[in-house]
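First the structure, in the form of structure tokens, and then the observations on it.
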């Protein structure tokens, strides 16, 4: 372990890549070395990410990468699995933000994606989410940052399974609302402002690939539906669960506090006063914090769980840095301390 | 029956009242006579509703109302039940847009509201939604316009019950997203722009009063949760249903087409090409149209139903005028023909 | 003149084309015959414009157009000038919504655009804006619908010139704010939702082509700057004028009322009570109405003029139909009566 | 001078107060002691500002304030002038974010506000904006943080005056667009989401009080008009200037670079490639950075200047902390390093 590492970002012109640049450039233990983008080679990173105009860094191409300690890869799904050997030529630690190493078996990739090119790495990979995998992260060489919707869902449900309130035999409905940054940079008609603003649009109404991650970590399938709504950042999961046994608010508080009481990046918010009484993405904009909360519906024997994150942070780049901090022995919260904003427009 | 009636609106400075003014002023069979508002007495209706600046009409107080054929009442819940005798002094037909006459029994009002002041009218009242109550509307004297969220939910589920795909024994989760106009005019901290924009905010996470209407008309309870999102108009219900028997897309198309094939104000939208593949409030802005649609999730034995409306139109004022058209023997679509907009910002 | 004409729309899959389809399909004197789109040939118009799902019409290609009375052309700038002879083969009246016939001379097209392919038509063309060109529209065969920003600016300034409050020697600053529909359908990175939402973005900060139209009709140049803001429809011009002589509010009311007092589609809004005290695009969504207003700034010897329109309506499709109504001898307001909405989210 | 000071915030439940709490809680040289709010006495600051839920701090009342080194006061205009003696009982340094000490003379307060209760303090007060007043800030005891719109305007124009491109004899039009946080917390009908979203609304069309500050520091009056647009944070000033002598882009780059070349919180952005070519509030969300830029309009002999800030940061709380850093001898950028976000929804 060292106090300071060098790091580069592959796929740095995308939204997630830009967020990584921002976090790494401000990280006390990291020296940001290179940022790759074929399309923007030689341009300043600030020409793509205006918040980084003050950063003296130009995009390079992946072929020119020099060796670093840690490589963050923010390429589209399917790219990393084909280049993973090359990545390890460059760095000892690879943190991949795509879906390529999240699932445990080749069979899952056959079922949910288009198979896998480097299945021998699957066993080696560690899922980034520290709240459920912290013990395996120190020293991890290949870290797979989780999917944003899966992250929100898993964080919302995990305490109920840990505490035995749910056991996997119950009906679970997960209704997710996400912002436009999940679609990535670049555009397209459906994500153009005139068509995308003000919507409540079902997308991936069934069969969303994040179901695979959720099932892998919770041990049960969920009925998952995703909607695009008018925000840029943010993912919010509302989970409708029907426990087999009656459950009280005290039970729920016990479950959430028990599991997350010492977590630096999870808060339980359930009721209380004021405008923001349950988890909301807006209250978490730009932070690595997840908020989880719940409400009881006795007449329907239902527990409603709310889970909210900034999909660019806890849902991708922030989670990746958090996991890397643990892997490399840094303070868990290093580079991730931003408190968030109030008020803020759309996340 | 006559070709032309006189009509006035009580509570005309609110959002629903303003929508009624707009519809009635443009209705070929209606002469709009008076619009009441204590707060804005003697001011032009255009000073509150800027779209009606061209209308030569000033607010009056309810005490000064002259007799008309039809009275539309858009007062807060609990007001109409106390004044219903007075309303019938003024008009032969009363169309109430509050919740005061939607439920059938005093017991329901004891359970879901604060009781009822005029329970003798409950039996007389007809629920406005023509798709489920058309046969009782001709000649109706007291019409109770449905709740917006209940309307979206009922329209989405009704064909599944009618067709026997659901029988009431199944788990039903209804996850609703609504715009800020549901909160009514006037403001308050939670609905101020800085706090309300860009949100996905759970409100009425459990125990929403519209559950009562839904249960009354579908004969089964639903697990209902509502979220405020960043639009002004619009309500969108995503319904997660788990039929006891396997169901095919053909079955679903059959159910929806069978029930809504001849309805002037319901369209079935499920899949297809382009940007708008499922029901969305945005595509229905300013129209009285509901869109319903569905998707199959075989791996979870689930049917996902989407239902979208403009809450100010099909969800309140438009539904009220539609029902009044039937009650009074006019063309069903009279005054409600606006096709909607593309593109439009937020609904 | 006849009571009813046939009409087709070329370029009907774009935003302006879709708006034309909506207006013509609901027009009492028009039978909508064909809608062309090469990209969407044979698809329903509702697959592109979801508000028109109820319309039984499929896109065709321009080559297949049958003869109609009126042809509305909503093609990109530069297309109509190359096909204008063909257009007149199909129809006796052509209403063009591009910039191709707005300017009077070939020299202007050399200066502001890339020249002109059919300059012989320029003299024949009539500018659509009825408020300044009504007398030349009856019987017009080629109508050039004005630019949206030019329309807002001209309507705001015209009374001051007509009344002699301005004479063309004064400094005129025009600061315009527009919605994303001005960029047209299709998208691109700058108009993608994540990049386009919540912005105040200078675009065309100087040298905007609409300056040419403004100068042509007002006889003076204006210092014009345009900003993109977060709405979809709508154009708002704030005009800062410095009259040579002192002017009173009474003078201004006189000028605006004198010129627009009998106009069906212009309202003067200046001060008053309530939330909407000056012209705002939001209050005009979906209408063909322009609102103009003003405020005095005695300490700076300035008149501030506000002018707002729905750029899709008064700024393009609505203006085109209005002008066609006059050209063909119909009621001026036929098909354009929609009152607008309150509340509405973003225009 | 010391390495660490204690600080409290008066008026901490408002938007500006909350932003101060966030900045001070994260400031390396500050120990945040108390936060006052009469309305929320004893409640956690996180119950009002959800981003501060992790902060272990409850509101107190002003009467209970203990002595601190620095007092930040975020009360409505007119309050601080009446309590300034009390403030100095509590702290040696007072940083006031209201308008109460921005102007230099009692006469100005008579002209632009309702007079002044403590004119003896006016001479003592230092305007916070370091870019124009840095030399007077070290050791300052009373600091007056500038108005957000004045800040944007002054920063945009200052280099043109410093460089002699403007001398005060020219016509200056300032057209400002601001977000809803400028209206403060609490709401009201005009700022309710249904009425406030999607707007381009003239407010303070003439006679805006910030003209006084601008005139005081630039030595010339400006023709100032403000519009509310759909964002929460952010102020953007477009300044239309007509220099007496021809000016080139090189001249302008020289002026801006000369004045701001070493400023830590001002960037010049003018043209270039990509989506963000000129200053935009969105690119500056949550930062203390101002961006200024320009474009030439030779045909109108005009220079268009764009200036953008986050009104909650550079426009108030960030500026206040920046000035306090200088006054107290800290690093200028301490506590203000956040880089901003890409993408972000509405600022």
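Here the chain labels run A, B, C and D in written order, and each chain numbers its own residues starting at 1.
Following the convention adopted for this analysis, contacts are C-beta pairs under 8 Å (C-beta built on N, C-alpha and C of every residue); 3 or more make two chains touch, one makes a residue touch a chain.
Predicted, not measured: the structure shown is a model, and the values here were computed from it.
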Legend entry - Numbering shared by both copies at the subunit C-subunit B contact, with half separating same from different: same
Inset, instruction - Please indicate which chain is farthest from subunit D, where distance is taken between mean Cα coordinates of the chains. - result: B
Inset, instruction - Between C-D and A-C, name the chain pair that shares the greater number of C-beta pairs in contact. - result: C-D
Inset, instruction - Just send me the rotation angle from a CA overlay of subunit A on subunit B, rounded to the nearest 5 degrees. - result: 180
Inset, instruction - Go ahead and note the Å separation of the Cα centroids belonging to subunit C and subunit D. - result: 38
Inset, instruction - Go ahead and note the Å separation of the Cα centroids belonging to subunit B and subunit C. - result: 35
Inset, instruction - Provide the C-alpha centroid distance between subunit A and subunit C, rounded to the nearest whole angstrom. - result: 45
Inset, instruction - Please set out, as single numbers or ranges, the residues of subunit A touching at least two other chains. - result: 15, 179-181, 185, 189, 194-195, 197-198, 230-232, 275-276, 280, 343-347
Inset, instruction - State the interface residues of subunit D toward subunit C in the complex, per the touch definition above. - result: 171, 173, 175, 177, 189-190, 194-195, 197-202, 205-207, 221-223, 225, 227, 229-231, 234, 236, 238, 240, 242, 275-282, 295-297, 299-300, 302, 304, 306, 308, 343-347
Inset, instruction - Using the touch definition up top, name the residues of subunit B that touch subunit C in the complex. - result: 15, 18-19, 22, 25-26, 43, 47-55, 179-181, 185, 230-233, 267, 269, 272-276, 280, 283-287, 289, 337-347
Legend entry - For the subunit C and subunit A complex, residues of the former touching the latter: 15, 179-181, 183, 185-189, 191-198, 230, 232, 345-346
